[in-house]
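A, B, C, D, E and F are the chain letters, set down in written order, and residue numbers restart from 1 in every chain.
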């Protein structure tokens, strides 16, 4: 029995509110249950130095938790003067995940930055960030297409992410904070619509798992992502 | 004529949504028109080193803008590794303003941190932060009173803040971004319910102003704060 | 009765020694009683990136206290690796104050930096810095005029600053350290010769003040600045 | 055909030289082909703050590349003043991997730090680091057992790591730099002797992969780790 | 012929003004010609962690140049966020030099910090700093003796420093900036009254020198320090 | 009697292994007894800003200790976010020493960086670094000559360094860690083949020394460097 009363393969409610803020080219408040992340996509007509003059674009991400997104207040990274290893690891993952579905040549020599700011945390902030970032990116890319700045759509596939884990011996989908902090194994899957894998990060905590365990988690993840893809589609079709 | 069509002494709509996030002891999303600030109050049972063992508490604030709160994306202070002078100046002002109405002895040896994160900016972010921070602080203090952690209310007066400025020769109330960026003079007033002044910061930009100008701005600010005090009262009475 | 025995509207002795160091284009040791600040003006033939190619100049300031300028040794900001919020707030104020009287177009595409280093502190270091910085800037501008580098004088008005406060219920002029640390309210006024206000920063500490209190402080400040303008005039006329 | 001429399931030569430096409690120079990493294990009789007084130990890791370990000189992180996201991600992975096989209660209230310094890089530096770190840790733990500082062995299982990837459509084992920089997918597996998985990090670059692809990589990794476990055994048995 | 017209073994005028600032336990403005350094000695009743509880004191130094001490403005180390290698090298040298003549046991468990702030630079700032620091330290130690805080004098010998160099083939004493920037070899000697050497730092620039050259520089340095010891004696005898 | 049983004028065994790593243009593992330093020389076709367009090259150095090069683990400078004063002092010394024998005009507009990473420390790490750096630089310069990138040899003289000290009243050569930590005086000499001095850094610790003492140390240093020059010659002749 999961602490939340959910079935093993049951996701939390997914909410996606587009246009949450008005200045960004794409803006989304995504919720996986009580986890709420504000994602904005910002287009800038410049690329990082290593890409200058190559006719290609770049998609990158930054991630942050508001200090009181969590049960106890965490210190603000801007005040400490550096981003933690965890923050950097997550923002690198978000960037890679979105680049896995973006044709950077079709994007042209411009950069889109996805800012993922966690307003409230209850497990799964990185997977909500990736899933919401796709929607924000889609909205921003649409503006480029609508304005004629780009001719061909660089973003033809969806990407989504979900966490799975082994909780008290049972593989479960979409861990919340209580499950996450006591799970035997914790895995984040980044999947691409159509069945391919963009990234797997699976870590044993305490207990380890075997090949069979990994596959069961992957199958749960496929179910979860199917649900997210539907929510993403609905959000961008409005 | 103001760009927004408002009268010279007309505030933007004030919105205060309490309980916007669930973990913090006090949580508020305050809006002054399109300016939206999330303020959380976090209680910690410790005080800064200079107050240890003195039986007194502390109230402090941190302020940040999300990178895409503004028209163009600003760089993230956590990524740059330091807070700007502007950020530090604003968070010092917020802290001082709240301490001006808090009896730190009655608060007991604990600290309340007010995190003001600007979700969307359209001028007046520091004044919305101060006004919202009072509500978040009030909610947190109420929890301490309700739980019996403190006996006497340390927060018996309200504090609010509003900007005024001279725009095309006319003193106007509650500047939005367009007015702010072209104002001849810009002043922020922090006022205490009942008529006293906690802080005045008035800066001439280009043109300067005289004693009469300062007084006209102060009178506008009194009108604005009266409106904010009413909104604060309504928010905490729910 | 003030701790120093001064009358409520009595300034401390003002001393201005020009040419205190030899390399800078302008160099001044200014004293407000026991507060001593060394201000140098340095001309550089370049402007910050946001002004490049616009044909306009820039005036900026940096401020620092020597570690033992004060009663107890403070740690050196260079050793700590960052400037405090107080330092940044003060140097931003100094820069704004000087720009309020400088015609940046007439200055041409060059930058003048005012370095204000507090040798000894006894209250009022920011106001002594601003008042001394005007003299250093005037000397540097004169060199530009004398050499023919600029044709028209970009600095036709004086600016000066003074602190006032409410000490034991009485408004007093030019607070020294003892008064400053126990004042009920503390205000810094930056005034322009001829009667206009460039900046007001008035903060209640403990007690607050009302409109009448603010006006009484402003009138004291006018008296003080008249005296500073005379001392500045004498210093640059030598 | 692989650039190195190796078979798809062929590892590079593994070399493990123990006692490479004399001060550390455990010291190893591990080579996976031309990749050479110096790993030292340092025992300290203190634990991080979050573990104080709990009777448990801690195992952690730090990772660094010497500036000219690579084809072109990289800048020194100590000179830049911060560790890159990549460095932090790798050192967190190494620490987690070693903790997965260490009984922290049996270790007692002390910390063992594994310093992994890459002397020469040719792909697979993180997997060589983990595999070598186990040997260094084993040697340090043996000293604690021999001296009687601990009674029960906290390290009864081996851990090793290897990279696999899809190179020109073929799953291959133990990527060198040339393969790594052109692989379609890149995965690092951390495996525990006996068949369990401690961690999987699999990333698609350009192309993505499916469940079948992931399993084929995992099977190659098992083969590779079997070889590493044998080399580790030989190294600690001398 | 030296640019200044001085004889090869002729020092610049030495000036030592004690009591230049009022808060420090010792305060000196020392001049070697146009080089002017403000040195303050601050007593603190605490020692660095490595000395706690050992009944010994510590003497340390910090060094800084004001930004416009030099011909062109240098950037402020506090603004850059770190001290240069040169600054650190010099402040370590000053600290070592003063500790060479201080009996740290007799000082008792307290620290004296010598802050050396260069007001104006014309070569020899580190040697002026050391020579002035002795005077400031002497004044501070005298306060401890006078107040009875310590019983026995921990500072019974003088220390002074001077630069020498080979300029256009000729060994010369007390290099000014013009000589320093074109010298073939540059040496700083820290000497103890009575004839012993505390430190020699001799560097060839361009040309190198031999044993005979080194001895000739050392003999010049003895002459220079004899003069400085006399000036120090006069300063502390007033 | 020296702790190691060596005669007063006896060096430790010198070992120089060239080609220790494969990517660098020059690579050397140098040992002075148990002190082992890996030095690499990296050629880059760019120069620092102050040399751009002048047709001259630059030689510079970076120095670091691996955390467990020493008896107890030191913290990693990259993790602390800054290089210590000691590190900066040493790397400045290494750079100056190598530049003393390099004709920068003949080198052409390129930079050679000498990275000195201490693998194991037992006293004399800076002198081993300088002595090894010459070999690495020689190998890199030879590649430039062999490829025709430069025509004339910019490095016609050798440079080497050695420490000497006064240990229990006796001047001794090449101090190891035990001697170094208890020496009365400690001196580092950087000498040029043929008899000239590039740099002397002699510091009294506790006791001081006189002219005679300095000369005796210099004579020991000459003997030591003669031995190092021979080992360098042998290393580059292979």
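Heads up, the rule we're going with is that a residue touches a chain if its C-beta (ideal position, glycine included) is under 8 Å from a C-beta of that chain, and two chains touch if they have at least 3 such contacts.
Remember, it's a predicted structure, so these values are computed and weren't measured experimentally.
Undergrad: Touching both chain D and chain E: give me those chains, sorted by label.
TA: In this structure, the chains that contact chain E and also chain D are F.
Undergrad: Among the remaining chains, which ones contact both chain B and chain C?
TA: none
Undergrad: What rotation angle superposes the Cα atoms of chain D onto chain F, in degrees to the nearest 5?
TA: Result for this pair is 180 degrees.
Undergrad: When chain A touches chain B, do the two copies use mostly the same residue numbers, with over half shared, or different ones?
TA: same
Undergrad: Among D-F, C-E or A-D, find the interface that matches B-C: by residue number, over half of the contact pairs should be common to both.
TA: Equivalent chain pair to B-C in D-F, C-E or A-D: A-D.
Undergrad: Specify the chain most distant from chain E by Cα centroid.
TA: Between chain E and the rest, the longest centre separation is with A.
Undergrad: By mean C-alpha position, what chain is farthest away from chain C?
TA: Centre of mass proxy via C-alpha means gives D as farthest from chain C.
Undergrad: Just how far, in Å, is the C-alpha centre of chain C from the one of chain A?
TA: So the centre of chain A lies 51 Å away from the centre of chain C.
Undergrad: Return the distance between the CA-based centres of chain E and chain F, expressed in whole Å.
TA: Measuring from centre to centre gives 28 Å for this pair.
Undergrad: Two-or-more-chain contact residues of chain E, please, as numbers and ranges.
TA: Where chain E meets two or more other chains at a single residue, that happens at 81-82.
Undergrad: How would you write out the ring, from chain C onward through chain E?
TA: Starting at chain C and heading to chain E first, the ring runs C, E, F, D, A, B.
Undergrad: Provide the residue numbers of chain D that touch chain F in the complex, in ascending order.
TA: Within the complex, chain D contacts chain F at residues 21-24, 27, 34, 36, 38, 40, 42, 44, 62, 64, 66-73, 76-79, 81-83, 87, 113, 115, 117, 119-120.
Undergrad: Across the complex, what residues on chain B touch chain C?
TA: 82, 84-86, 88-89, 91-92, 96, 100, 187, 192, 195-204, 208-211, 213-215, 218
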